[in-house]
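Dropping a structure here in structure tokens format, bear with me for questions.
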Amino acid sequence: MNKAGTDIQFAICGSAGDGTIAAGDIMKRAAAAMGFHVIAFDVYPPEIRGFGKCISRIRVSSEQAYSLKEQTDVFVSLNDGHAIPHVGEVRDCGAVIYDDHLIAPVPEGGHISAHVRPAQIPYGLPIRQVSEQATNSARSRNIVVLGYVAGLLDMPPEPFHKVVNQKFATKPPAVAEANIKAFDAGFEVGRKVFRLDDVEVGSAPEADRGEAVMMTGNGAIARGFLEAGIQSYFGYPITPATSIMERLAVELPKAGGRFLQTEDEISAISATIGAGFAGSRAATATSGPGLALMTEMLGLGVMAEVPAVIVCSQRGGPSTGLPTKTEQSDLNLAVFGGSGDAPRIVIAPTNVEGCYRCAGMAFEIAEAFQVPVILLIDLYLSNRYETVFPSGRNVFAPKPRQAPERREGEEYKRFALTESHISPRALPGDPDMMYTATGLEHNELGKPGDVLHMKMNAKRHEKLKPATRYPGLTTCKRFGAEGKVDVGILGWGSTFGEILEAMFEAQEEGISCSAMKVVMLSPLPEEELRAFFDDCEVVLVPELNYQGQFANLVSGALGRPVVRLDRTCATPMAVADILAEVRRLASDVNEPAHAAAGGGA
Amino acid sequence: MNERVEPVYLEEKLEEIRADGHLRYRSRSLPTWCPGCGYFSMADGLTVALNRLGLDNKDVVVVSGIGCASRFPFFVNTYGFHTLHGRVLPVATGVKIGNDALTVIAVGGDGDAFAIGAGHIPHAARRNVDMTYLVFDNGIYGLTKGQTSPTSALGFRTSSTPYENGDMPLNPLLMLLSYEASWVGQAYAGRPHHLTDMITMAIEHKGFSFLRILSPCVTFDKTDNTYRNLGMKVRDIPEDHDPSDRLAAMALAMEEDHPALGLFYREDRDTLGEVMQDAARKAQAMNLAPKGL
Amino acid sequence: MALTNRIGQNTDLNRNGREAAAESDVHYSRDPRDFGWLRENVPCQAACPAGTDIPAYILAILEGKYGDSYEINREANVLPGVLGRICSRPCETECRHGWPGNGEPVSICHLKRSAADLKHRGHRLNESLYGPSGKKVAIVGSGPAGIAAAHDLSLMGHDVTLFEREDEPGGMLRYGIPEFRLPRDVLREEIHNALRLGVELRTGVSIGNGEGEIPFSTLRADFDAVLLATGCMAATELPLRDDPSGRAVADFENVEYGFDFLLDMHRGKPKKVGKRVAVVGAGFTALDCARVARRLGGEDISIHLRTTEEYIPVTRDEILEAKAENVGFLGLRTPIALKGENGHLEAVEFVQNRLGGWRENGRRKAIPIKGSEFDFDCDTVLVAIGQRTAHDFLDAELELDRWNNARTDENGMTSLEGVFAAGDYVKGASTVIEAVGQGREVARAIDTWLMGKPRRVPAVRIEKVEAPLRQRAWDFIPRTHMPTEEIEERCANLTEEVEKGYDDALAHEEARRCYLCNLHYKIDVDNCIYCRACIEVAPKNCIKMVEGIEIHADGTYGKLLETGEWDHVGAIWIDNVECIRCGACYEVCPTQCISITRNQLCMVEVE
Amino acid sequence: MAAPLHHVIIGSGSAGFGAAKTLREGDPDCRITMFTMDGIPFYHRYELPEIFRGRTDWRDLLAVPPSFYDEHRINLRRRCRVVDVDGAAHTVSLAHQETVPFDSLLVAAGGRAYLPENLTGQADLIHGFGSFEAAMKVYRDLPKGGSVIMIGGDMIGIDLLLTLLSTGYSVTLIVNAQTFWPHELSAGERAPLLDVLRNKGVRVIENARPVGISARNAGAPARQVALDDGTEVGGDVVMAFCGLASSVEFMLRADVDIERGLLVTPELRTTNEAIWAAGDVCQIWHDGDKAYKFYHGWKNVRVMGELAARNIQGAHEPFDVDVEDSIWVGEDGEIHSTFWTRET
């Protein structure tokens, strides 16, 4: 895949405060603005402040890519101490760019040039000096180097200028100007450099899908929320979900919505459920540890049939675990977490576009089924950037609400048992339909009582079934070869990017395989899954957790065996690992033939 | 006094009550509290207060947590949300933010409020969420059949403190006063009129109003907070108390042997809602770019 | 109508020895609903023809204030000691304590007596006097009605002259009721007390047309008003088979009307009876005759009833005492003939009866069984089937009713201007307490008539009571029986009082049994928190969640309309009809919203 | 045992590379660090003309593949400019402020093209040939069949000149004292050699000295060289091949004796125990002549590197010149020179 055309991965590494992420951000957006597909992933330091390591990896391609590459083409160091361990990821003839005019002495090996492999191309330039020369300050090093890269690779400066101007739009004009200067200074230097690398930036594909926007998974979720008319957001900071909160902190008030940073995750979900009860489109976002705290209130949402949207961006666990590393080990928690039979809808987008669309649909679905909806993503998806082609604003906009009709003289039954198992829902403010929602088992009126426990349980479960066919939402999708195949790769969440990359490579190697992503984890689209299992000799389930939680979920639900590929490597799954497994399985499938041949000799 | 002697003619009283209209804030079903429970007093006080303020049933939401007191919403004919143990305030905050037009009443007992829920109080208070928090403080866990609560007296014997409670009871009013609550008051279940007035004031207050309501548990506390004991202990707040004097309020709050009934402290300050509107205005004006773009 | 509470003040003083309750704690009402409440809730008082405030005087006894109790009685009835002995006790049959499930009625009457008996010797009467009105009133007959009227009229400032045919006042009390039931010293003292405030008593003076008699017309001329209270001074004739007017009675020396028999005896004429005495009749007189006969040496004494003893108009105690004295009751027989020779009766022929339907007066009809006649041998027959009024002493036409009693209007005035009538003379033979009651009523009517306007009107006095005066445990105290004289003793002696009366301990114990129905338990709806604590402790279905109440045409209350729907519960209300005043609810109410008032009938001045 | 010796080599030319390779062969444990200004690993300088034959991918020029350095644990540090050597502290300082200690230092920095003083003003109009990048720049600036003006023409330049001729370019040679450097020739000795060039079509200018270079915009040829005889020569590229000057400025504080190059014993050790030198940067004591002499030429340079390496590791072999360097016109009518000798 992506062998043709442009497919470059940039990496900028520095320490917090160097503007590493910002530089990466400009690069992403500029590339997106040029019409490239972009996938990017920023690694933040676990430390709150100080000089933790930041890396921004940006894959720019002329065709849709599904994950970051394992090797970087152009690597920039803004801080050798942090960058040195990563030089190795630069491919042969890839560029390593660094400042060769440090201001403080370093011991032997303290400079990145000591670590650039002979096959890689070192580009030393006096980044700091250029910055100071251009802007009287070293603070623009990140922009200078950005210009340098652009110049080096003959990228047009205009998109960068545009993005820089956007980025500093709200600051005094001087700021943008200074940054443009810094960029141009770097650009000039870069342009003059004699290149030894073989990185080629081709021309971008025709942008046929409207304006491409660069977003992280978190940004996409925030945007999806905003387009869906989110009215209230309650959050408590936790890596890696925080940026959703920060984004909405800025945007929600603009849209007349209400934003609140609560005192903890419990309050966040509580307020979300509360607002949902009041009829507000409310959401919160957290990570595993937060979701663990939220499960009790989640149960209330299920019991009281209150719509709410909860984003859980997974990170390494258990407990505090690996706060800045990605993992997919909260599936059990998201799907089953809580006391009692508490069915809820769990949606796990596989890429940023998915984050955007799922977030856009989440409220509508939550309201349609009167249940909390969990958007289950992970750090890798939260923080990675991709170009997204947003829908028109009105697509996710809330549909006009219909207050339930109330028959005269009849008490309003909030939890009426109906054909669809869904009961018309009154909102505070609706006349003559006052009711009390409760976490206690209740009758149709909502009054506590266990007589109907079995019926109500059925109601709460059955009403969700149609969710797997909800119009406008892809709950699962098959890729690659149609019909019977040797190997099927079943995936969910961010890992599906690597799965696709691996699947395409496997296909190029002539392996008969196809892949299926499952976006809705609860309820499961069982029919489609069965069909997929029927088509596959063997089904491989790669995921980033130790227990094979998704494998358990699926094989449990379908009663079919799966081959597990479980990794808890604190990084996204390596395409190579999946590919290797696919090869092994493919040969196993064809084993009998070989055996027969061998036997004949 | 006198009205006790003046003959009361039932049909006239009933007419008066029907006309007065506070019955429409009652649920159809009878409260399930133990007969004699002080919570009836709150229930009645609230319905009367709501009526007095002319609030429409549909515009009122009563939110509660878990506990005897938290059964409350079932007994008022407004929208209600009976939530989780200790979570009444965040949920209520959500409801208020979810729909500013609603009058939000949070209710709960002392366990719900000061034990499991204690962590939420300071924040609802300092944010000055425009709602009313009625805490029914009977110093015991009733729903679980009689264990100590954070406000149980020292030496109190319960099923969980068979050798006497050794934990210092906390002082809710002092807490709230130091938590920047903008309205702090105390009432007593045994004085329904005063209680009703206090509830009315509390609801009328713009911002976070905290009303501690002393109540006995007639079933599990036959020794400490009985109507008799409480009735003897409570006193009216001193005439000369200045509700704008926070220090005085704190001093008053510390006189726990003789709980004063009345308004301890009141201040006018922006509510969370107003702060949010302000944020919305600023947002329009500043047009900030979100972090990362 | 403007009301003052002067009387109320006074009553406060005598009621419970406490100084007058604070002004604010007392309220006076003339609202029919409050009168209605009293009627429905204080059945004993309602049943008492004199309207005696029974709960009040029993409470006084409970508090050991016999004197107060006595005075409370005197307000309604100037002869407490008398009535405390011989009252027919219509109150006790109505007593709430006697209602189904509540046990036996309180010994109201005995308690009344103990008030009289146990008040300390230095007891001071309490009378509130009006100034002289200059009006003169003549009262004919010093029976209970006359005495009561005379007393009240004199208090009202009128000059009263009481005319009595006999040598001593008291009428039937003095000349009808045997001493073993009513000691004469008691009677004399109370009559004296009643009349000593300036009533001119003229005994041995007959009103009539005979010589030495004062013509009725003279009275009318000399007095501003005349009250006829002559009672029923003639025995009802015994109707026999061929002798509807019972002339035969006079033919036999050993047959006598019981009325005359007792009258003679009490006038001092010695009487004898044979061994075998048959008394015909079913009233007090009949029983008195039988018991007197026992004391006069009669051995085989039987009372012959047309129906059975369950349906005769005397108290159970009286029957028991008679039986204790070995008096036999023989029922379902009607005498149809007297048999004997040369003026000496040998047997009475009876016809056997069977019980028939009910009569409007609550008694049963007796229907003769054809051919069931039989003879009953006896030595003496005393006929006590009733008394009737006599009008021959008048020299004017007086309208009579169908029972030949004086017809009066609602104010007790007869067809003759300024001539009033009361007591048996109006009612026909009835009870002493009725007579007393009537006496009071007519006195008020006369006063109003004389003064041209009512000076006092009844009102309901509502006084705050700080605490329930009872304990639930008292409800289980058994009715205290009246100690009586040993049979031998009493039968040996005509004047020895049979009933010994309660001592302090017994009186107190019995007083405890009274529910004090005039205590009005009321929930202050404004203070009620609807917690239902009271309902939980209620001993009966006496506290209800109500949404309404029946209202009668006269404005009084009927049933409470209950509801179980919270949003319809306008009030939690105490059903005072069910309420037994145990005070449990008052004790538990967390908001002290249950108040107790003592509601009493009283008279208030009209400004 | 003690920490492995750290051998630092400045320069990644054939001397440096040869030394490194030899050091590794002699001691598998030692640390070897090589500093170079180059952007790419070692390639044979004499291969650069190949660019004009189309070998423009630097990877095709490498003497050994990049993996070689990893395999031999030779830390090749490119784009590193040594700014100072502390002979007492035994440290090397780099432009980017890194200080690297050494147990032995071999200076094999070679030399840079010497530019006649009167032309230094126009340096930016003169193409260099000292590195792959420089060579590539010439290659790119030089139109197909374009013309090169070569000032001087030392043996490196002649080597390029011959390649240019054979690849369809035209060359103008402005003869001066350094023509055929390092061979020291009389005018008579030089004439036949120039004839060979003339026969190959080279325009040879003698007895005239360039006094100025100017760029011509708009249209080729891009350069004009003014001669002191008043005439002007035009060409697309001007290059100067006037011999090499040793790069020793960073050795000034190293407390080693320097004349034009670093003065070393026949065993190639400098006056500092730990510092050695090899290649174009050093002058070697010649006992016979009693003088420090340069020994240029591809072969010598490599030999020196390997020798220095051996001596650093304890050998005591003197450098002996197996051949007197000479230049002649062979039977084939071509120019031959010991300078170009590659094999040992």
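Things worth noting here:
Residue numbering begins at 1 within each chain, and the chains themselves are lettered A, B, C and D in the order written.
Operating definition for what follows: contacts are C-beta pairs under 8 Å (C-beta built on N, C-alpha and C of every residue); 3 or more make two chains touch, one makes a residue touch a chain.
The structure displayed is predicted, hence computed values, not measured ones.
The chains in contact with chain B and with chain D alike are A. The two chains most heavily joined by C-beta contacts are A-B. Most remote chain with respect to chain B, judged by CA-atom centres, is D. With centres taken as mean C-alpha coordinates, the chain found closest to the middle of all protein C-alpha atoms is B. Rounded to whole angstrom units, the spacing between the C-alpha centres of chain A and chain D is 55. If each chain is reduced to the centroid of its CA atoms, chain A and chain C end up 99 Å from each other. Distance from the chain C centre to the chain D centre is 151 Å, each centre being the mean of its Cα atoms.
Averaged C-alpha coordinates give centres for chain A and chain B that are 43 Å from one another. Shared contact sites, meaning residues of chain B that touch two or more other chains, fall at 27-29, 77.
If you draw each protein chain as a dot and join the dots that touch, you get a simple line with two loose ends. This structure has the following touching chain pairs: A-B, A-D, B-C. For chain A in complex with chain D, the touching residues are 92-93, 99-111, 113-114, 116-119, 121-124, 194, 196. The touching residues of chain C, counted against chain B in their complex, run 24-27, 29, 31, 33-34, 460, 462-464, 522, 524-536, 546-549, 551, 557, 560, 564-571, 573, 588, 590-593, 595, 597.
Residues 27-29, 56-63, 66, 73-74, 77-84, 87, 89-99, 101-102, 119-120, 122-123, 127, 272, 276, 279-280, 282-284, 286-293 of chain B touch chain A in their complex. Interface residues of chain A facing chain B in the complex, by the touch rule stated above, are 21, 25, 29, 166-167, 169-170, 216, 219, 222, 231-232, 234, 243, 246-247, 249-251, 253-254, 256, 258-260, 262-264, 266-268, 270-280, 282, 296-297, 300, 304, 411, 427-440, 447-448. Listing the residues of chain D that touch chain A in their complex gives 39-41, 58-59, 66-70, 75-80, 94-101, 132-133, 136-137.
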